[in-house]
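What follows is a pair of complexes built around chain A, which joins chain B in one and chain C in the other.
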Partner chain A sequence: MLFEVKDVYYTRMRGTPFAVEALKGCSLAIPEGEITAIVGPTQAGKSTLLLTLLGLLRPTRGSVLFHGQDIHQAPFNVEDLRLRVGIVFQSPEAQLFEETVGKDVSFGPRRKRLPPAQSRRLVQESLEAVGLPYEEFRTRYISSLSGGQKRRVAIAGVLALEPEAILFDEPTAGLDPQGRQELLALIQRLKMERRLTIVLTSSSLADVAALADQVIVLHEGRVVLSGSPRSVLAHAKELLALDITLPEITQIALGLRSLWPSLRCDMLTLAELEEELLRFLPHATSQEPQLSSS
Partner chain B sequence: MIEVNNVTFRYSGEAEEDIAPALAGVTLRIDEGETIALIGHNGSGKSTLARLLAAILLPQQGSVIVDGLRTDAGGESLWQIRQTVGLVFQNPDDQLVANTVIDEIAFGPENLGLPRFEIEERVEEVLDLLDLRPHAHRAVSDLSQGQKQRLAVAGVLAMRPRYLILDEPTTMIPGRTAEQLLETVRRLARERGISVLHITHHMHELVDFDRVIVMDRGRVLLDGTPANVLRHREELERAGLGLPLITQLGQRLRARGWSQLPEVLLTLDDLKAALCSLK
Partner chain C sequence: MIEISRHISFGQYVDNGSRLTRLDPRAKILCFVIVVAAVTYISHFASLALCLLFCLFLQWLSRLPLRYVLQGMRMFISFLLILFAFQVLFYTSSTQAASTIWHWGVLTVSWEGIIHSTQVDLRVIFLYYLTSLLMLTTSLVDLADGAEALLRPLRRLGLPVHELVMVFVVALKFVPLLITEVERLSIAQATRGVRFGRGNPLQRIRALSGIIVPLFMSGLQRVEMLSTAMEARCYRAGYRGWRRSKLRALHWNRSDSLALVCSALLCALLIALNLVSPF
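Up next is the complex of A and B:
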């Protein structure tokens, strides 16, 4: 396991009248080389959980293990963790601070004091990996980029650190359907081609059902469901009550349950939904028109 | 009535022949009380058309006429058109200016120089219409995206427009919130006769509108009722738009032999009714 979270509690603004318990006994495991999606409505504790994984927040109770070692116990150095696990925050603008794309992406390698040639290679590879051609974008001003491009630059900056894993906080928030598809495809490529472990948060199962290997549903600081996308979708009704956006296929299947209460709702594609419906429909009455012999 | 007569618009100026215009000879008419979904891929000209209708952009060729006033006539008529046509942007942060919810709603009417009691009356009215009363005194910066989007609509409605244009209001907000917003807007159209033009690229959103206009590369590709438009599967696919999943499911089942199913199914209720008849 890359990460294990054991019975973690976290209280925000602890010791003040505004104290809020954001995580209330969270336990989960994040396997290597897979995409784990943490899904839940706003205020479920998704972002807090990501920050806890990275050691940016220290649990009030419970522990976080990285490769089996407690990240807050010596000899583990939590700063090491941040070189090995990257994070892409919700608004990419928030983590870009240099003037140009090249400078921003090379910030990590420069801080690691890598030789210039190696740093340059990393920047080039990272930019190409996110679909921004190096020569074209190296000298572009950050301020001249579109929102989607900024998001890619932020990801390239993280890739340049050659991490084992990347955490994405709401990577698709605020993107149009096309931008959304492109970003999800990019995340899939990072897993397949670079063997990265990916953890991402989302309030929509519609976005992540086809992508994730594992889905963890968070509600009010607790894990309420976890498993493969299919096994989670099988509980579609409960998810709807939690205000989680469901894939359209699942919504249709749920709607059709008023006709056939035992219709499954864990299908991921239209073809699967069609097959499922065939179990219930009477045989087709009209045949292909037959040629009558004259 | 808004008339768009053979309008062409380029962002780059006139000389660059090699860059295709954002709009190329668009002609259409929007009647009072109609609800229209305007759909198209990125770069199809949807947002440009919205800005031309609201007189934020002016046509370089052709004309846009709002209730008899040309948008390029300038002076007083521009003032009149801006009150008649209300535009809600994709990102509510682009149009919210005040600190609190009621100040935001009052901003437009105040700038019209309306008397105090009339401003208050309009604020009260739209607070209820958009379900914002519980948030009336909250800071705009504390609202969720969905609440901000409702506030942006409320601010525009307080101007009592006759045409409401929504430029992809649902891209920034989660599914169910988006549905509720669209339901509210359609109710307004029914109850007050406001025309609604909803710009979107979600195919499943168009089924509840009176009329659908499909744009592709600066031109109107299809214009008709949802059922009529969805019959043109090939044209839609060429414009980068797939059929809504419910429609696709219906067609797949027809192909499997249930040929008595209607060719175009629009909503879940349609699908249920059609499947029920097979049982």
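Up next is the complex of A and C:
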């Protein structure tokens, strides 16, 4: 296990009149080399959980283990953890602080005191991995970039640290459908090509169901469901009550349940939905779209 | 480092519906001004003790957690302690009969020095407490409305009262904004390997210095955004005969008069006590 979270409590603004309990006994495990999606409505504690994983917030109770070691216990160095696990925040503005793209992406390698040649190579590779040509963007000012480009620069800045895992906080928020597809494809590529462990949060299962290996559903600071996307989608009714956006296919399946109450709703692709429907329509074949009459 | 706003209460407003928050801002500001004037005048321990009682009473009225208010003063008090050391060491008494305890070159520690510096610093602590309590119990809008209403007569003298108050309020508003900004920047840099609050003082200062420049940049950007937003809503302060109307009118209640009378009485008492008390 890369991360293990054990019964973690966290109170935001503790000791002030504004105190809010964000995590209330949260326990979960994040395996290596997989994509884990943390799904939940707003205020569920997703972002807080990510910050706790990196040791940026110290839990009021409970422990966080990285490769089996407690990150807040003496021999463990939290700063090293932050160089091994990167995070991409919800808004790229929250992350970029240097003037130019080149300076910002090279911030990590410079902090690590890598030799200039190696640092340059890392910056070039990282920028090209996110689809920004190095020569063109190296000297561009951050303030002159578009929102989507800023997000890519933020990801490149994390990649330049050569992490073993990357946490994404709501990566698809505020992107148009095409930008969303591109970003999800990029995340998939990072997992496949660089063998990175990915953790991402989202308030919608629609984006992540097809991508994730494991889905963890968070609600009011607690884990309410976890497992493969399929096993989580099987509880579609409960998810709907939690204000979580479901994939279109699941929504259709749920709607058709008024006709066939025993219809499954854990399908991920249209082909699977069709197969399932054919169980209820024995006379139809897959070529003839007779469904439209119902 | 990451959760700075937890430790800084200056400029925060806690809307808990207590008697102090419900007081008319004009009354609050007037009370504040006269009490501050009296506290600045007093110097004897007897009146300082009365002042402490008054502060405890205010604290009870405000229904704010005492720990929260004190936490906000912690940084200020540690700063004051350093100042105290200097005051004591460089104290020169007006009368020559100083009972010296320790002497080395120009540095002297005398009983008079210690007593005098304690009195001065206690006064400063009370002033800080009163100011932070005013901020904690009054929203910025109320504070601005109250100050503007009180200063209105000065417009006769050609003073741009509304503009001045607006500038003051915007400046105050930026304190919590800048604190969140420091939080954001320190998180962003910590995730890429900067160590805050570790190492020797020089390393700590160097880690912080990386925040200053981006902080100014984003501060300026915010100023620009704010002015655009104000212009987009047709904000014009003193445009030929325009008068800005108020959504909420201020109401002067009996309790406001009572608060003012009580404060005036307290001031009279503080000053009288200061005159008669021997120490």
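Assume the second predicted complex is superposed on the first by the 283 of 294 C-alpha atoms of A that agree within 3 Å, B and C clash if a C-alpha of one lies under 4 Å from a C-alpha of the other, contacts with A are read in each partner's own complex, and residues count from 1 in each chain.
Definition applied: contacts are C-beta pairs under 8 Å (C-beta built on N, C-alpha and C of every residue); 3 or more make two chains touch, one makes a residue touch a chain.
All values derive from a computational prediction rather than experimental measurement.
If you put the two complexes together on chain A, you find that chain B and chain C both fit without a clash. Contact with neither chain B nor chain C is seen for A:116 once the two complexes are overlaid on the shared chain. Of the two partner chains placed by the overlay, only chain B lies in contact with A:252; chain C stays clear of it.
Using the contact criterion defined above for the overlaid structures, shared-chain residue A:157 touches chain C, although it does not reach chain B.
By the touch criterion defined above, A:281 lies against chain B but remains apart from chain C after alignment on the C-alpha atoms of chain A.
In the overlay built on the shared chain, the residue A:133 is in contact with neither chain B nor chain C.
Looking at the shared chain after the overlay, A:42 reaches chain B, while chain C stays out of its contact range.
If you stand at the C-alpha centre of chain A, chain B and chain C are 80 degrees apart, rounded to the nearest 10. When the two complexes are laid on top of each other via chain A, the two nearest Cα atoms from chain B and chain C are 5 angstrom apart. The residues of chain A lying in touch with chain C in their complex are 13-18, 51, 54, 56-57, 79, 82-83, 86-87, 89, 94-98, 107-108, 111-112, 157-158, 161. Chain B makes touch with chain A in their complex at residues 41-42, 91, 144, 168, 171-172, 174-176, 201-202, 204, 245-246, 248-249, 252-253, 256-260, 268, 271-272, 275-276, 278-279. Residue ranges on chain C touching chain A, taken from their complex, read 2-3, 5-6, 9, 14, 16, 64-65, 67-68, 71, 184-185, 187-195, 198, 214.
Chain A contributes residues 42, 174-178, 203-204, 206, 243, 245-246, 248-249, 251-252, 255-256, 258-259, 270-271, 273-274, 277-278, 281-282, 284-288 to its touches with chain B in the complex.
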